[in-house]
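Report on one structure; see the data block that follows.
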């Protein structure tokens, strides 16, 4: 029962989400040798003021 | 200081939440041999368009 | 497909692990209104030099 | 590419957030021997009804 | 700086790991509209006695 | 009860670990307005064949 978690910015286009989860699932199912139905994906969307790179919040980057 | 994280759909009924966190805490405290006060629980609610099973978003399942 | 993750010290006794995962699963299944088969549990064991409380590694506490 | 995740209550003051992510990044960069630009921080804010300590939701503590 | 975390059984074949991380990265980069270099993947391998489904440890399933 | 999780390479020097967890704890305690004793840190060390950046495992980077 592999679980894939994505942390990233929002993906507002539902078509892109659908295509992404299908591709991620196929890639993982192939590597684990499991049917696609066994792969669970959780998508987390982080607001720009909740992420920092290099010590600077994304909302403060210019 | 064990930490239990739950990822799942929303549990709107507060009585069910209360009962669940108490039962989870008792089960973990018993297994770890620690007082209940040491157990921390974090509940994460995932929207149906943020979860996929078998490569299909929950919002697209029929 | 709720996923429960436990972070804590090692639970060396297999009987305690079995009892714990069964109790956690029953508590979550009841709260989510889902069959037990839908509940996934991941146990992570943290070494004492990988955990700190109050700014002090567990291996340094006296 | 170390990733630091914080789970805690909301930090509403942007100045405190900025100071915190800078201090966390400096501490981690020093320990890993990496430039600050390699450190990623994700902040998660948990509502009081999504956290329990000792088997009691934070919203129920008095 | 999206971060993808996989929790699953061990993937002992390095060729399968390489193929998987490349496919996961391409799928995520396309969905987020970011260069592949921005995608970080963390693979966690869970021992069968650290995972339970339906309240039963994988080591106890028959 | 904020929880800080670090995912990164191994930090073999215990003195660096001690200094790091103390600095991280002070930074978080200040931002949350909580005593240091309330801050929990979990350190996860990822092997180079369990991390990929840009679709390439760290063990394959040259």
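Going in written order, the chains are labelled A, B, C, D, E and F, and every chain counts its residues from 1.
Keep this in mind: a contact is a pair of C-beta atoms (placed from the backbone, for glycine too) under 8 Å apart; a residue touches a chain by one contact, two chains touch by 3 or more.
Quick caveat: nothing in here was measured; it's all calculated off a predicted structure.
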item: Interface with more contacting C-beta pairs, comparing B-F to C-E; value: C-E
item: Gap in Å, rounded to a whole number, between the CA centres of chain B and chain A; value: 20
item: Separation of chain D from chain E, taking each centre as the mean of its C-alpha atoms, in whole Å; value: 24
item: Chain E: positions in contact with at least two other chains; value: 1, 3, 7, 17, 24, 26, 40, 42, 51, 53
item: Chain pairs in mutual contact under the definition given at the outset; value: A-B, A-C, A-D, A-E, B-C, B-D, B-F, C-E, C-F, D-E, D-F, E-F
item: Footprint of chain C on chain F - complex, ascending; value: 14, 17-18, 21-22, 24-26, 35-45
item: Touching residues (chain side chain D, partner chain B) in the complex; value: 7, 46, 49-57, 60
item: Contact footprint of chain A on chain E as seen in their complex; value: 1-9, 11, 16-17, 19-20, 23-24, 26-28, 30-32, 51, 53
item: Residues of chain F that touch chain B when the two form their complex; value: 1, 3, 40, 42
